[in-house]
Amino acid sequence: MASLTASGAVCKDLKLVHENDFFYTGLHKPENISSPLGSKVTLLNAQHIPGLNSLGISFARIDFRPGGINPLHLHPRGSEILTVIEGTLEVGFVTSSPEYRLFTKVLQKGDVFVFPIGLVHYQKNPMKVPAVAYASLNSQNPGSVQLANTVFGSTPEINTDILVEVFQLDKKVISHGQMKF
Amino acid sequence: MASLTASGAVCKDLKLVHENDFFYTGLHKPENISSPLGSKVTLLNAQHIPGLNSLGISFARIDFRPGGINPLHLHPRGSEILTVIEGTLEVGFVTSSPEYRLFTKVLQKGDVFVFPIGLVHYQKNPMKVPAVAYASLNSQNPGSVQLANTVFGSTPEINTDILVEVFQLDKKVISHGQMKF
Amino acid sequence: MASLTASGAVCKDLKLVHENDFFYTGLHKPENISSPLGSKVTLLNAQHIPGLNSLGISFARIDFRPGGINPLHLHPRGSEILTVIEGTLEVGFVTSSPEYRLFTKVLQKGDVFVFPIGLVHYQKNPMKVPAVAYASLNSQNPGSVQLANTVFGSTPEINTDILVEVFQLDKKVISHGQMKF
Amino acid sequence: MASLTASGAVCKDLKLVHENDFFYTGLHKPENISSPLGSKVTLLNAQHIPGLNSLGISFARIDFRPGGINPLHLHPRGSEILTVIEGTLEVGFVTSSPEYRLFTKVLQKGDVFVFPIGLVHYQKNPMKVPAVAYASLNSQNPGSVQLANTVFGSTPEINTDILVEVFQLDKKVISHGQMKF
Amino acid sequence: MASLTASGAVCKDLKLVHENDFFYTGLHKPENISSPLGSKVTLLNAQHIPGLNSLGISFARIDFRPGGINPLHLHPRGSEILTVIEGTLEVGFVTSSPEYRLFTKVLQKGDVFVFPIGLVHYQKNPMKVPAVAYASLNSQNPGSVQLANTVFGSTPEINTDILVEVFQLDKKVISHGQMKF
Amino acid sequence: MASLTASGAVCKDLKLVHENDFFYTGLHKPENISSPLGSKVTLLNAQHIPGLNSLGISFARIDFRPGGINPLHLHPRGSEILTVIEGTLEVGFVTSSPEYRLFTKVLQKGDVFVFPIGLVHYQKNPMKVPAVAYASLNSQNPGSVQLANTVFGSTPEINTDILVEVFQLDKKVISHGQMKF
């Protein structure tokens, strides 16, 4: 189960291993952003780079359209370190209970920020030009949990009444959210 | 930093260690539920039971009023296993991207359910009588991240426009949510 | 080999995963205690709840007849946290060499106690009514080593002369112990 | 607490570190065996070799008088690999519940045997000449739990009635054992 | 000791934690390359970004002059994933005994390569324009061991005769190497 | 891939497990040293002793001819603790960047020394009689990387020009080194 397995891949016989097992090409290319929110994450984990198997690390590119956002999400099995390659990013994460402190920063090209394992975070491009970030996570299969998809877009849906209660929003609002995701 | 440290406590000299360092009393007592959502988590970690230091486990009691809910949350540093002690609980968790499958179950007294590390889950008492669960997590400091507090109740608040975008809800709705938390 | 493997199970395809993979029912039911010592451990590990695979936690119910005992034992791959659900339990564990300090406590309903990984411990019901405890261990396959079964009941038996020497008991006594187990 | 802490030592400033922090001398010297059972374990852990701090390994010499025994014991935080340097050793370990299989072997000089973490094992010199073994454990503080000391020699003592029940031996026998340890 | 400690830093009180504890600025700026080999590694670990403490990840920028090389080295406590930001890099690593297979690749901008923990690797800019790479390692203190500095430049020096033997080179050659480092 | 996999072996069914799965014989026998450098490492890992699977430890014998050397090498996945069984050994290891301190010691029979994970080390017999050491590493598959084989003897070879640059040696010298390995 994708959400539950950090490892599991079988190791290749060394004789069959090839340099391309440690290689990926094209991370510099702007990705086609189809998400309505205007961002796209390209994660390289052990499925894309077989040589990562058992090594406990992965790497990602994140593209942002002008105004695009990588919405509130968390990684259940990895901490993340990110740097801006191009453009500007507003980033933030919220600490755990009971403080729920929000740490934010506006990052310019060359700035670096850290998102601890399991904490909710986001990145937004506040500018009128594209932005790009590179990020690394210390798991070969860190997983990703987007809050809006989890709350409004699961299969099946979470009971509307529960969401009404938890978020203290109107039922119509919740139903509306569920329709969108 | 509470959100970031799994260990850190210094070990006592064995001569000063006492049986009470491994002991806690009163987990069977109904807790006073002051939360508007009608649930209360009592977590015993290494702060409450010093002997847990370095052992990587903790234990919790969760009280539910009739209709009470332990709202959508996750543990950044621990998986959870829970059993119902009294009453009934509807429980669920959502798997990570891209599936976002919701696994739910109505648990009766004596039923057991598992919530994997970092995945969003909840428990709700659907009945007109109180419910109680015991749960254990495999960290001495698992942490807890409630989605609604994170989304609407952080200090400072997450920018309203970001929430509007991420959850595709009306600005008024978001502001309303932020006011409540 | 059961004694040697902490993990090893293969992960299911997420499409085949079902909520029941994270579920167990009936932990509240009094178990039939056939052991002459008057206790019965029902351990839920990754064999009973497949979704525990790779999660590093397990859960147990322990039933005690009046006067029943969960005899001296240890878990080679997990620390344990236990709470009394019903009745009273005298519990204890012994620290390692060279101190061999015994920490004991009489636990009532709602009391909690910790047994660190690999240390010998026991729980006894000193009362004339049944007792029940729930416990959790931070391994999906913690294992259990009962001292009496290990000393007197292994297959094949440990050489009697060795036991005579180690425990400084009479050969008849040892042979008698071996006959019983 | 010695039984509970695997690490904990503070790291020296590199400028103050000396080659002797990685060094120990005299492991080849026969140890003075004062134990009535005729064996002596000399364990080198991070207390004896400061450079072992954080490295997760330790080393031991075990001396045996003719007929001497390193009695039934286990290591709560480490697996052991042992080789005979001199003489002959009967060794054995017992697997965990429910099999309790005893694996034994008579080891001659140059033979190697493995004792998995947390399992009860022993080594005995069956010959009329001394024996010596070297062993390594994969923890800088593996700990040691001798069964007889735990059962009969803890401070305070385990309740005699409990031992009578657990080992199904006569009360006199148990009291006698407790007197000896 | 820098070479020996993976963690060790004390956690700050959450009240004193600041967003800048998770932040670093200026990674995009070309570094002044003073090394004769024409490369410069700027590693961001828990010393530079305090919030990395306990998170197990770090990030680096590597600048290469035309023809510059990040010479043969390894990381004792971390695997590395690297991507080219600018220019071209010839990279390679050598597997362990007995195969000693060299996996090499010429990386262009946007290409990614993996260097497993503890294996010797290098990156060289074969072009007449500068090159830049970003890399991440799955330790907050991965350490770095350059072969030439280790072999020829330690304090004190490794005995020349040993190097003559090991590398099967002339004594003059070795002395010459030692003079240079 | 041998260099990349620390575990991976499948666990045997306990019914098929045999005492010989935890056993190896003949470590005391002088090994035939065919290496021109006059040393031979006999490593017992999980391939030689199946019962080591999942246990995280291995053991080795190292034979040295008079003047023999176990040349500069490192273990990518394990720290080592070594003791001299016979003869004398000059040992040393070099710490990581930027200090590159060399810690050396002349070890006599019974002396013990530690080589931290991933750091370059060597052992040399400076005497006219054979020497023997036993060593243990805290991995069931620690791996070994000899510097000279890595630098001069990989398949295919590292580009000569790169080695010239990195070691600042003459091209002839490097080619000569490559021919020898």
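A, B, C, D, E and F are the chain letters, set down in written order, and residue numbers restart from 1 in every chain.
Criterion: contacts are C-beta pairs under 8 Å (C-beta built on N, C-alpha and C of every residue); 3 or more make two chains touch, one makes a residue touch a chain.
A quick note: this is a predicted structure, and the numbers were derived from the prediction, not measured.
In this structure, the chain pairs E-F and B-C differ in their number of contacting C-beta pairs, and the larger number is found at E-F.
Two copies of one chain, chain C and chain D, touch each other, and the residues they use overlap strongly: the shared fraction of interface numbers exceeds half. Ranking every chain by how far its Cα centroid lies from the centroid of chain A, the top place goes to D. Rounded to whole angstrom, the centroid-to-centroid distance between chain B and chain D, based on C-alpha atoms, equals 41 Å. Rounded to whole angstrom, the centroid-to-centroid distance between chain D and chain F, based on C-alpha atoms, equals 27 Å. Multi-chain contact residues of chain A, defined as those touching 2 or more other chains: 1-4, 14, 17, 51, 55, 95, 99, 101, 116-117.
On chain C, the positions that touch chain D within their shared complex are 1-4, 37, 69, 71-77, 90, 92, 94-97, 99-102, 116-120, 122, 124, 143-159, 162, 165-170, 173, 176-177, 180-181.
Within the complex formed with chain A, the chain E residues making contact are 14, 17-20, 22-29, 44, 49, 51-52, 55-59, 79-81, 83-85, 93, 95, 99, 101, 103-105, 108-117, 134, 136-138.
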